[in-house]
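Consider the two complexes below, in which subunit A is the common component and subunit B and subunit C are the respective partners.
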Partner chain A sequence: MSSTIFRHEFRSRLKSVLTWSVAVTLIIFFYFSIFPSFADQTEMLNQMMAKFPPALLEAFGMNRADLSTVLGFYCLVFLFIQICLAVQAGNYGFGLVSIEESELTADFLLSKPVSRGQVLTSKLLAALACLTLTNLVVWVSSFIAIALFKGDRSFDVGTLVLILLSIVIFQLFYLSVGLVISLLVKRVRSVTPFSLGLAFGTYILNAFSGVFGDVALELITPFKHLDPNYIVQHGAYNQPLVLLNLTITIISLAASYWLYTHRDIHAVS
Partner chain B sequence: MNIFFRELKANLKSLLIWSVIIALLIMAVTAKYSAFVGDASMLKILDSLPKAMLDVFNMRAFNLTTLTGFYGLMLVYFALMGAIAAAMWGSDLISKEERDKTVEFSLVLPVTRSAVVTAKALAGLVYCFAFVLITWGVSLVAIRSFNPEPAFYSYLALEMQALLVIELIFLSIGLLLGCAMKQYKRSGSTTVAIILITYFLYVLSSMQSSLDFLKYFTPFKYFDASQLLQSGHMDGFFLLLSAIIIVVSLIGAYWIYNKRDLYI
Partner chain C sequence: MNIIEVNNLTKYYGKSRGIIDVSFKQEEGEIFGFIGPNGAGKSTTIRLLLSLIHPTSGSAKVFGKDVTVHGPEIRREIGYLPSDVFYYEGMKVIDLLKYSASFYGKDCSKRIEELSGVMELELNRRISDLSYGNKKKVGIVQGLLHSPKLLFLDEPTAGLDPLMQRKFFELIRKENARGVTIFFSSHILGEVQRLCNRVGIIREGKIVEISDIRTLQKNNYKKVNVTAEGLKPADFKLAGITNVQADNGSMHFFFKGDINTILKKLNGLKVVDVTIEEPTLEEIFMHYYE
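And then the complex of A and B:
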């Protein structure tokens, strides 16, 4: 771990962290501002829905958390936060080491008296610190937004904390998968197409999993692994899927270290 | 002309990757549909549902037991993929010259800057067409086994036209950003912001009727799948609005690129 690299990486990302934090805060407040009027409408709907067979509701994914409750609505908002966080973490992951090659600074960095393992560790920790800053912003603005707009409805703080705790697992997944993909391909010219493709690809897979029962494909998307609706319904994580998620993260990280220390990095010619 | 062919070749890999992604999506989703359509008991429950309930869940036009209804549901996801691809192509076609430090080279060629933009825009256009045709083709192959009624094919054609228009909107916005941003890195991140914002607005505007006015700000809502099914054609007003967005962005792109300082 080299503190110089850490500091440089951290500082160069601060502006991006600020932008994402503002974006996430805006999303939370914007969506929550329609919660009071929305909740009243859905309460009527829920009474109607109670009469239908549960099998049907399940088929259409309507057995999800109910939108008239604070946490049910929060699940909906959280999905959009997740998309943003996925793009952000993916950006950092894909750009973590590839940016040195595309900006022709790789040979400068590697001529320093720091091992490649140390370079990667410092960079990873710096990116993680940046993601954690955004994570904290999500925590704070979620609590404030809920307190502002919940009215006289009550909610279970423990479950909300559980949902918010899942963020760090979620971010680590995109960070490490992005990193390993960027090391597997020959050259990353531009980071955004990669991270957008990864984030929205997994999001769409998850979106369809709700419509019709179960097919194995959604098992690969973190949106399913850390589905807030599941957490609200069961008051706990979906353990096998979270373990699967963590396994993928750890394997990607290990593979990244191996790939990076063995990578053939071209000097500027 | 040389620039056009060179751009076509240079981005082929990206088109290939997007095609694979969209093909996988269609395959995965039609697999789901086939599991669902065989379940007779589910169809029975659906038939017995009151209309009001279907209304609430936006299934009004989408009878999900038919292929047409099912594809209606898919349109926004196709549009999302197409929009990301097109916007990325648009901004990347222009800004990559600066990123790869080749912009000086391409601008000392005996062509005007406008000609460069034109060649690049045309390459992007060809890619958008290719994307739509691939989506269309894969869909036709994937649904063959369901023996859909003839009306489905015309609806599919309509959806694909809507997809093309949405793609062209995002392509021209991407081109504008690529031309306008002084730093090449900004054009990528601004494109991301625009896609995220318009998609979130789309979701918001479908959630509550009082937020309906938001539909003017998000191309995803311009050609609503259920409205396409009911009317059988694309809304004239929104077609005009799309055309205006495209033309204004393109004019802006040419105008700015012709007089700006390049980042070297």
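And then the complex of A and C:
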């Protein structure tokens, strides 16, 4: 680990962290501001929901959630937060070493007295620190928004904490999977298409899992592994799926270290 | 002591050739010129020595340590100026130099000041606003600021104006006088000739010749220009003569062999003008290309 690289990486991402943090805060406050009117008119809401096609409700995870409760409503909001966090973490993962290579600054960095392993560790930790900042913002915004708009409804704080604790697992998945994909493909010209593809791809796999019939494709997506509705219903994680998620993350990280230390850094062609 | 020791180093990029079976040694304090046309494998060799890329076969040692094993340790004492310089566009020059210095764990601020003074580099400008030549200057300061023991210069003068080139050469000579070993890659032979003690010539990935710059010039060829009355190309039909050009009573050619045979031939002619001189490296070099 090189503190020099860590500091450089961390600083260069601060602007992006700020943007994403503002985005998730706005989402949380915007949705929670309409929560009181939602909850007060449960009867009308249920009638309205009945008119929506079930597939659509399933896609937004609204068929299992009771939107008149604080946590039920929070599950809906959390889905949007998850999409944002997936894109952010994917951005950092895909760009972690590829930006350096496409902008040709890798020569500068790797001719310094640091090993590839040190470079990767420092970069990963810096990215994780940045993601944790956004994570903290989600925690704080969620608690404040709920306190502001819940009225006299009560909710189980323990379950909310459990949902929020899943964020770090979720972020690590997209960070490491993004990284390993960026090392497997020949060249990443632009990071955004990759991270959007990964985030929405995994989201759609979960949302429309019924469409694919019996093929259990949703088993590979973190949106299923860390489905907030499941956590609310059971008051616990879906343990086998969370373990699967962690396994994918660990394998991606191990593969990334191997690939990066054996990688040829090409000159300008 | 050998600073660089390369043994049968080979690198293929998939199926395309990088370098094949390259071997050479460079001693401490030497300025070694590495010449060859574009795409001959000069940059590949340097990148292998910096372990930016990994060899297909063969091995290389720098400071007596294997580059694939002791990379970080070796690079502590290496300065590298790439042929094309790319830096973090959003940074200011001084911030980039400080970032670079922070890897070496010593105070380089005086060196930065001194070097950027010599190279007339403005420290407070943004990298993205710099011209190619100015970026190159950043590269020079960046490569030297930690007082490395070994310098890799990959086509260092491209983009520098003649005045800056001269200052740069002075700088390199001064570094060399302090004991710094210099590996100088170039396709401009004039500058190699001016600076280097020894040269390696690389062509299509293979080393064609390694020799002392003086032996390369002396032992090989003489360049002969003769103007004489009634001179015919047939007069110089001798073994060892190449590159014959004849025009209007004068002849120019290269000769390799006992110079007395030429002198004897000249004796029988009514010579108006004659010069016998060392060919430039450029001319010798062209010979290797044919």
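As a convention for this text, the second predicted complex is superposed on the first by the 240 of 269 C-alpha atoms of A that agree within 3 Å, B and C clash if a C-alpha of one lies under 4 Å from a C-alpha of the other, contacts with A are read in each partner's own complex, and residues count from 1 in each chain.
We adopt the following convention: a residue touches a chain if its C-beta (ideal position, glycine included) is under 8 Å from a C-beta of that chain, and two chains touch if they have at least 3 such contacts.
What you see is a predicted model, and the numbers here were worked out from it, not measured in a lab.
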item	value
Partner chain(s) touched by A:Val87 [first = subunit B, second = subunit C, both, neither]	first
First (subunit B), second (subunit C), both or neither touched by A:Ser2	second
Which of subunit B and subunit C A:Arg189 touches, first, second, both or neither	first
Partner chain in contact with A:Pro113 - subunit B first, subunit C second, else both or neither	second
Touched partner set for A:Ile204, first subunit B, second subunit C, both or neither	first
First (subunit B), second (subunit C), both or neither touched by A:Arg153	neither
Subunit C versus subunit B, contacts on subunit A by residue	B
Contact set on subunit C toward subunit A in their complex	13, 43, 47, 50, 52-54, 71-76, 78, 80, 82-84, 86-90, 99-100, 102-104, 142
Residue ranges of subunit A in contact with subunit B within the complex	16, 19, 23, 27, 30-31, 34, 37-38, 41, 45, 48-49, 52-53, 55-56, 59-60, 62, 80, 83-84, 87, 102, 189-193, 196-197, 200-201, 204-205, 207-208, 211-213, 215, 217
Contact footprint of subunit A on subunit B as seen in their complex	14, 17-18, 21, 25, 28-29, 31-33, 35-36, 42, 45-46, 49, 52-53, 56-57, 64, 73, 77, 80-81, 84, 88, 92, 96, 99-100, 188-189, 191-193, 195-196, 200, 203-204, 207-208, 210-211
Residues of subunit A that touch subunit C when the two form their complex	2, 4, 8, 12, 103-108, 110-115, 118, 262, 264-268
